[in-house]
Amino acid sequence: MSLTLEEIAKAIGAQVSGDAKTEVANVASVGSATKNDLIFVEASAGVEAALASSAGAIIAGGFASGAGSSKPLLIAADPRLAFTHAARLLRPPRRYPPGIHSTAVVHRSAKIAKHVSIGPNVVLGEDCVIGDRTRIGPGCCIANQVEIGADCFIDNNVSIYSGTRLGSRVAVHSGTVLGSDGFGYVRDPATGRYEQFPQLGRLEIGDDVEIGANCTIDRGALDATVIGRGVKIDNLVHLAHNVEVGENVVIAALTGVSGSSVIESDVVVGGQVGIGDHARVEQGVVLGSGSGVLTKKIVRGKGVVFWGRPARPLREYLRELAVLARLGKKEPD
Amino acid sequence: MSLTLEEIAKAIGAQVSGDAKTEVANVASVGSATKNDLIFVEASAGVEAALASSAGAIIAGGFASGAGSSKPLLIAADPRLAFTHAARLLRPPRRYPPGIHSTAVVHRSAKIAKHVSIGPNVVLGEDCVIGDRTRIGPGCCIANQVEIGADCFIDNNVSIYSGTRLGSRVAVHSGTVLGSDGFGYVRDPATGRYEQFPQLGRLEIGDDVEIGANCTIDRGALDATVIGRGVKIDNLVHLAHNVEVGENVVIAALTGVSGSSVIESDVVVGGQVGIGDHARVEQGVVLGSGSGVLTKKIVRGKGVVFWGRPARPLREYLRELAVLARLGKKEPD
Amino acid sequence: MSLTLEEIAKAIGAQVSGDAKTEVANVASVGSATKNDLIFVEASAGVEAALASSAGAIIAGGFASGAGSSKPLLIAADPRLAFTHAARLLRPPRRYPPGIHSTAVVHRSAKIAKHVSIGPNVVLGEDCVIGDRTRIGPGCCIANQVEIGADCFIDNNVSIYSGTRLGSRVAVHSGTVLGSDGFGYVRDPATGRYEQFPQLGRLEIGDDVEIGANCTIDRGALDATVIGRGVKIDNLVHLAHNVEVGENVVIAALTGVSGSSVIESDVVVGGQVGIGDHARVEQGVVLGSGSGVLTKKIVRGKGVVFWGRPARPLREYLRELAVLARLGKKEPD
């Protein structure tokens, strides 16, 4: 799809500087752009390289508007965000032809809304509800009583356990498992064996949640595991039974959250973070990659960065690293 | 299914206090219980809230038996364990109708016992043996010469490599891969390339083992990887080639165990633990979350908690954290 | 397949000591070998046990050639490498009968070369190209415009996103996801919501790459994620968008590499390592298990071992551990 800068500017709320009739057809990086591509720069330091590129037009901030530019510009307050919006226009998400593939095994009790696309080899159990325009990719196994909202994208080989509920505009990448049994056991002192504590609860996922590939999110033991609206989850993330995640939380890859912990809204969780059970990470906290929050701990402070295992405020952690490095230098090998 | 407290008490070895004819139909948490639900409390501190709930009956310990209770009670030595047993009665595991789904691709040489349920799109290779009442969920890919015992539950999209053997009453959650090649290479100094060391061994999994979602357990290189009876494994756990795990071991999420290491019986392994190759974790050790055991190390002591990377006894580790924190406070920013 | 020691010696470049007509049919470990098996020893310390075993023949180094051996020997400069080569002869990789299984859903535009084996329930999208003798296992979902070279082995339930390119002799174990969206978001300050940064790039995987089970490798955001020739990747590894990995790199399980980082050739990455975004691990570095490389950091030195979080040279790290342990001992509980 080709659009003029004028059309893009109008849609994303930017100002054109230069020829507003210039057409672009795609987005690209500065290094690989061709004349049909739109690129972006976030700071004045990048302007020179952007102008030297082969791109057809540049999204930039006010820092670029003064210069007599050799390429047409789109001036926006937040060039990266504007570029994101422009990309959505030029490269809209792929539409799948609606319909149920002949190889899909769909229970007759399923309620499937309009324009739904169900791919090859999908298995859809009893009493499932699928909303308008949702796409379910090949090989997905969806058990009974699962509800999926509108405009969702469930990619290949995803497994969804019974009773799981997803809101609208949820994206789930391949191989992810939603609603599996929690990891709760009681040891029988008479036999030494572990008996599974009942894992009969639910998993509820809000609107606009995006979940990466090969993640695992368990159902609640008796109540629900709850993922709030707008949460973004990277690949290989594990969320245990009864975890509650607020809104607009970001969780990077290989992080694990233990049972019954709470992550409040606007928290940012780095990669490989570990959060013990019954912990609480309060609103707006930033947990640095690899940090660890102990069982039952409360971590607090909007925008406060925590690091290390156990997690402590970044400044504290850096001072400890510094003193350790100094003492280590005096140590004989 | 509804049961009287009398029936439940008899089955789980508890004492009824109050109206033994009271019927309950389900288990619930204190917060969400309705009058048909059975709940539990583990300590006297919880009794008041339990009595104030809408639950129909409460499992409690001896601590609750003296009080004139407004709700009927089931008194048990270990209320959590008794609740677990009661839940199994009220909410027995789902039974799947026996049979082989028409879309399953089952090799004619497979030996399938009675009342087995094989779901849609299952692929079952040559000379496999499947025991009585075992359920194999949709999308599972089971290679040749795989043996699975009785009463197993293999959930969706599980991949089992050739020659793997599972005992009886084994549960495997979705997306898990059993018996894949180990990660062993030899570098050829002439070419700088890595050549795969033969990965021709087996994977043997004992009775009553439960394995979470998206785990990976590799086959042995020349001999076997062995998982003992009653081991419970959380999600996203990796066990490498030739690992040996004893009985009744618990391993939490995102833990990785390197090649040829031994985890003896009754060990508890926290989440995100790393165990190097050829290490030995002796009987009854507790490895705290995020701790690391170095290559060839032996970690010893029933009930002794180890923490940190490298793992050291908890008290030692806490003293080190304390001294570091104190020194850090004196450090300029 | 049975081979004489003479035949094996010729193929792998070893010298026979003893009866060159001795036949062996398989490889085994010292502990489990029978008279038809070939075993190996890497050092003189192992010779006695190898001779006491039931093995039919032994691959050993020059250290064993002097002794009057009770078993025939194959003498090689690198016994482990020679054993690896011998195993390839005695136990060649399984060949799958060529053909497309009747349950596979293959788009008519796919270009499939000779002797390709496509298993049950495979879904293969538009304009895919599959090279000679490549095997695609049951349940794989391969999207559009995917190119896979010759002699590849794609195991069960693998998901490959559109536009991904694999070289020749690539092995991908079960459950792995290739080319999924990167984890890049821009927060809209007006709404507090995260918007997905365009994830429109590609994933390119070189020849002779081997990827374990349940890994996730994301496509580039605008350009490509690139995995170089001969890279070996263990299970549950995550490589983010725009990561570049050189040649002959080894990455152990549960490691995560963040966006746009570079791992140069010949690097060895242990398990559970975390690498921040835009970092660079230079040629030949060894990152110990569990270590962490910070965002934008450069780690340098052929053969230099780094350890800890943040990663520092091993000697430095060990000195720090030593001083901390000493100070900890003086600390009251």
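When the chains are written out, they are named A, B and C in that same order, and each has its own residue count from 1.
As a convention for this text, a contact is a pair of C-beta atoms (placed from the backbone, for glycine too) under 8 Å apart; a residue touches a chain by one contact, two chains touch by 3 or more.
Bear in mind the structure is a predicted one, so any value in this text is a computation, not a measurement.
Taking only C-alpha atoms, you rotate subunit A by 120 degrees to land it on subunit C; that is to the nearest 5. Of all residue numbers used at the contact between subunit A and subunit B, under half are used by both chains, marking a mostly different-residue interface. The mean-CA centres of subunit A and subunit B are about 28 angstrom from one another, to the nearest whole unit. Residues of subunit A found to touch two or more other chains are 103, 121, 139, 157, 175, 214, 236, 254, 272, 324, 327. Touching subunit C in their complex are the following residues of subunit A: 27-29, 31-32, 78, 80-81, 83-85, 87-88, 91, 101, 103, 119-121, 137-139, 155-157, 171, 173-175, 208, 210, 212-214, 230, 232, 234-236, 248, 250, 252-254, 266, 271-272, 289-290, 308, 321, 324-325, 327-333. Subunit A makes touch with subunit B in their complex at residues 103, 105, 121, 123, 139, 141, 143, 157, 159, 161, 175-177, 180-181, 183, 185-189, 192-198, 200, 214-216, 218, 221-223, 236, 238, 240, 254, 256, 258, 272, 274, 276, 292, 309-310, 312, 315-320, 322-324, 327.
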